[in-house]
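Below, chain A partners chain B and then partners chain C, in two separate complexes.
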Partner chain A sequence: MNTYYAANLLVYAAVDIIACIALNLQFGVSGIVNFSFIVFQAAGAYAAAVLSMPPDTASGYDFQIYVGGFQLPFPLPWIGGAIAGGLLSIPVGFVVLRKLRSDYQAIALLVTSIIANTVITNARPFLNGAAGLALVPQPLQDQIDPVSDSYQYFYIGLSALSVVLVWFVASRIVNSPFGRSLRAMRDNEVAASALGKNPVALKMMIFIVGGVIAGLSGAILVGFIQLWAPSVWLYPETIILFAAVIVGGRGNNLGAVLGALLVPVGFEEVTRLLPNQFDLGGLVITPQVGLIPALQWVAIGLLIIGFLWFRPEGVRPEPRRVFEGSPDPSEVELVSTA
Partner chain B sequence: MDGVSIEVVPGHITGIIGPNGAGKSTFLAVLAGTLPATSGTIIFDGSEITRIPAYLRARRGLVRTFQLPSEFARLTVLENLLVAAPGNRGDSLWGALLGPRYWMADENRLVAQARDLLKRFGMSAKESDYAGIMSGGQKRLIEIMRALMLRPRCLLLDEPMSGVHPRVVEEIQYYLQSLRAGGLTILMVEHELHLVEQLCDSVVVMAQGKVIGSGTMTSLRRQREIVDAYLVG
Partner chain C sequence: MSLFQAAFGFGLVSMSVIALGAVGFTMQFGITNMINLAYGEVMISSAYVAYYINRAGVSIWIGMIAGAIFGAVFSFLLNRIVYSPFQRKGTSLLGMVIVSLAVSLMIANLLLPLVTYNSVSYQETSGSLIRMAGVILTTNQILIILLAVVVMLAIHGLLRYTRLGKAMRATAANPILARNCGIATQRVVDVVWLITGALCGLAGVVAALNSDSFAVANGAGFLITALAAAVLGGAGQPYGAMIGAVIIGLVTELSAAAWSPEYKEVVAFGILVLVMVLRPQGLLAKRGALAAAG
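So, the complex of A and B:
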């Protein structure tokens, strides 16, 4: 395995882990079916791109049109990406989460995702339309040679650091009394509100936190692949992340990490190893172009249905919170003392 | 509901009785804010709360339980109680981010409080079980304990004894009486008339969305139309 392949695999794994942790906070912990999740990752990626790129009139960049072009040094583009994801969450959450019931919220968010992608695709002066942004500068590329092995290790390290940071924040939320209120709202919103919980405020807060983390994941990804276009954030990308959270186990961060490693990383890597031709005893079958990716989607769908049917709690179920001094001695996880 | 107007005396237990479909639970839901009032006014402790959302009414001390099980199924019994407890510094985003050192003292205090309630209701052994796997009666108890964790000033109980073991019914009765002695106001929907008679200081009778009578059970038993409508047998 060469360094570039390993770096590619590990950075994508980090991005998927971060995204799955964010989606788990929204969907697994709080019950918000955010079918527009990928939009917030895209917002972070676009923001990080235009914050780090020079103006579109600069030499070498004048083949594309975009707003911004501030040439800010690292880590400002990543911070900007995270903020962009959070800022976008405010109007979307304000419209969708206040009045609608959860199933209608899911539909509204799905539609939001489609609308956002269509608008960005067609409004070329904003972010270069369907062609997207290219030649996005990589973090600290003027100090470390980006085509060197050491840069690949550097980027893996940065991504890993981001995973640790996001894990830390998400763990604090999930294992706190605030996380407990989120889980209560997920289980029964009306009862939670009858006990003094403000469901709209709770949803808005976690929606924004998820948006910030999603934005960061987009910033990390765009800094690595150096391009971003509407074709990489179509709404089905959100479905893959949902599959990951469902397979890994909803409501716990470890489940989200496992899901990210099993579905977007593991599953897609395994299908990449499929041969281009099948030799059936002399009969050579060459699948149509596009058949394997299509089958991948079928497999993702079957994976979701299979898990929801046979193991809805996922590979790593949400742990039961047992408090110290509990009369039940058979427990597994201590999250608090009393 | 049509023209329903009742007054609940502070520090008393007021019962609401009536046949199925009379609008008793709907009335409770409107009072608690889980259903909107299309007209009329609700006054709580001298302030109008008609347009105030349910969560703010609960924070003011007007707390309800539900007729149907409304436990947080994937939370343990103890967690169900802790969710309701106010005054935990970790129950906000910033508090959570500041970490356990910031909120653990509150958590420990509230866990002790919740365990005290669980002990009183004989459910200590169940504290680490998921609320979703409890029996109907146990879920009912969880709801009552959860409401009490909120330190309510007025408790709205929707059939609190329904499906509960007779021994526990006595326990709830005793506990409600001690809450009343402590000054808590209770409005209770209940079908078991002997319990209403034993517990309630006054009773409101509803039928077809209207109040058809009110007073003590003894006085209500003397009113023929009420006896015919509901109290027969």
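So, the complex of A and C:
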């Protein structure tokens, strides 16, 4: 297998896994339907890009206009991307999460996602508008030659390290008392607040944590593909991640990872194998350009609806958490149905 | 000054277009408890139905009726085949939002291969120019305004003075109580999907007629303006949506005159954010967005 192909596959897989873990913390564990998730990934990517790029007056970069251009050394752009995702979460969470009913939160976030994309597309001086940023420097490209095989391994290693880090943080959160409060809030917000949990504070916290991780995923991606434009973070990209979390299994990190491998990564790989022409017994059909991607989106929609109908808990359901001294779940069910 | 007078004229047209879309959207939500995020895509599909009829040489005003019928049937089937089974299964409101977003994505991408990415426009002369008190409008724009006024009055009459309207209001207020009082709520919901679907189709054709050209990608923009007007007025409140449409129509056109037309949707969004921070229940509703999700 070609090293570049492998690097491409594995880095995308790592980015999708990190994004799905973050979305799972918000959607699966806490019940926040964050339809603007991709905006936080984009914020991280843009931040990492302008932190690592030279100023837009530098030679070779003067065909684009953007703010910043700080040329910071490697780990700083990634950290900056994560911080940018977290910082953006604060005003958005402040507007959306405080008073609104949960289904309104979802549509408000969806609208935010569409509008943010419109603004960045039209406001060229800020982040080069629709054309986006190009020639984003790769991490440590002055140390290791980016076109060498060893750089590909290096990048795979960096991404894998980030996955491990994010997995560690996420599982600490899920298994902590904080995680229990989040799940209590998700399952019954009124009961959780009656027990003294502040749902707005809990939601804000996990929204910011999710934003930080999303920002990191964007920083990793932009360091690899070296460009970032509004067309790569349209709102349907968020729906792919939702499909992944729903298919994999809401509320558990393993399900999120499984979903990331099955949906975004799996879909990309399967369609790569599709031929450009279909031979139906002498009748050769050439699909028109754009047909396969369109059908891919239809399949994502079907996947979401199919799983919500037939298996809402996903491929790997959230494990039932039973504590010592608690009544047998089967008895509890009997009592409640009686 | 004349720039703002002209903008006011466009504002009248714009509020008519938005009102047609927003009232149907908000009635769907108020009576069937369904935030139908596929609304914008049904609008654009109906606009394309009217486009193909128009291209065959039929007047767009006839095409508009076909668009409305298509919207009604499409929305009815959407509810019967997808939404209603999920609601009966006991899917939460949040789950329904996800389902409707998935449906919206599917409609847009089933439409794309059929009609392609290219922008199209109706073959229709925009009519002669008419001047009134510094406001210049085409006959088509005046017809759009008249159409919106007639439809709004019809909805008012329907909700206020007919048995069906009463049954709708009862179903919106408390479906279980309404059923216990002998109202066939399932039939009411079916009729609501037909009526709001027709409004949706009509709004799609009118919105497409009012813009120079349209493409599948416009569906999201249609949805946002309908959403903004509906939320501003208080979701589920038809009269609120009308008021919301008036405000958003005027403000977006005036801002387009003063600033830049590319930010029309952004201005609508700004209004939406202000409402969500300052008065999340909207202008008219008492509970609205503040009530706990069931």
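Keep this in mind: the second predicted complex is superposed on the first by the 321 of 338 C-alpha atoms of A that agree within 3 Å, B and C clash if a C-alpha of one lies under 4 Å from a C-alpha of the other, contacts with A are read in each partner's own complex, and residues count from 1 in each chain.
The criterion applied here is as follows: a residue touches a chain if its C-beta (ideal position, glycine included) is under 8 Å from a C-beta of that chain, and two chains touch if they have at least 3 such contacts.
Only a predicted model underlies this, so the values are computations on that prediction, with no experimental measurement involved.
Look at A:Ala106: by the touch rule set out above, it reaches chain C but stays clear of chain B.
When the two structures are aligned on the shared chain, A:Val190 is found in touch with chain B and with chain C. In the overlay built on the shared chain, the residue A:Thr286 is in contact with neither chain B nor chain C.
Of the two partner chains placed by superposition, A:Gln143 touches none, neither chain B nor chain C. When the two structures are aligned on the shared chain, A:Ser176 is found in touch with chain B, with no touch to chain C. By the touch criterion defined above, A:Leu302 reaches chain C but does not reach chain B.
Once chain A of one complex is fitted onto chain A of the other, the partner contacts of A:Ser231 are absent, as it touches neither chain B nor chain C.
The interface of chain A with chain B overlaps its interface with chain C at residues 190. Residues of chain A that touch chain B in their complex: 169, 172-173, 175-181, 183-184, 186-188, 190-199, 205, 209, 251, 318, 320-323, 326-328, 331, 336-338. Residues 31, 33, 35, 95-96, 99-104, 106-108, 110-112, 114-115, 118-119, 122, 189-190, 235-236, 239, 242-243, 246, 288, 290-291, 294-295, 297-298, 300-302, 304-305, 308-309, 312 of chain A touch chain C in their complex.
Touching chain A in their complex are the following residues of chain C: 35, 37, 82, 85-86, 89, 91, 93-99, 101-103, 105-106, 108-110, 112-113, 116-117, 220, 224, 227-228, 231, 235, 260, 262-263, 265-266, 269, 272-273, 276-277, 280, 289-293. Interface residues of chain B facing chain A in the complex, by the touch rule stated above, are 32-34, 53-56, 58-59, 63-64, 66, 70-76, 78-80, 82-84, 86, 88, 90-93, 95-97, 99-100, 103-104, 106-108, 111-112, 115, 124-125, 127-130, 146-147, 150.
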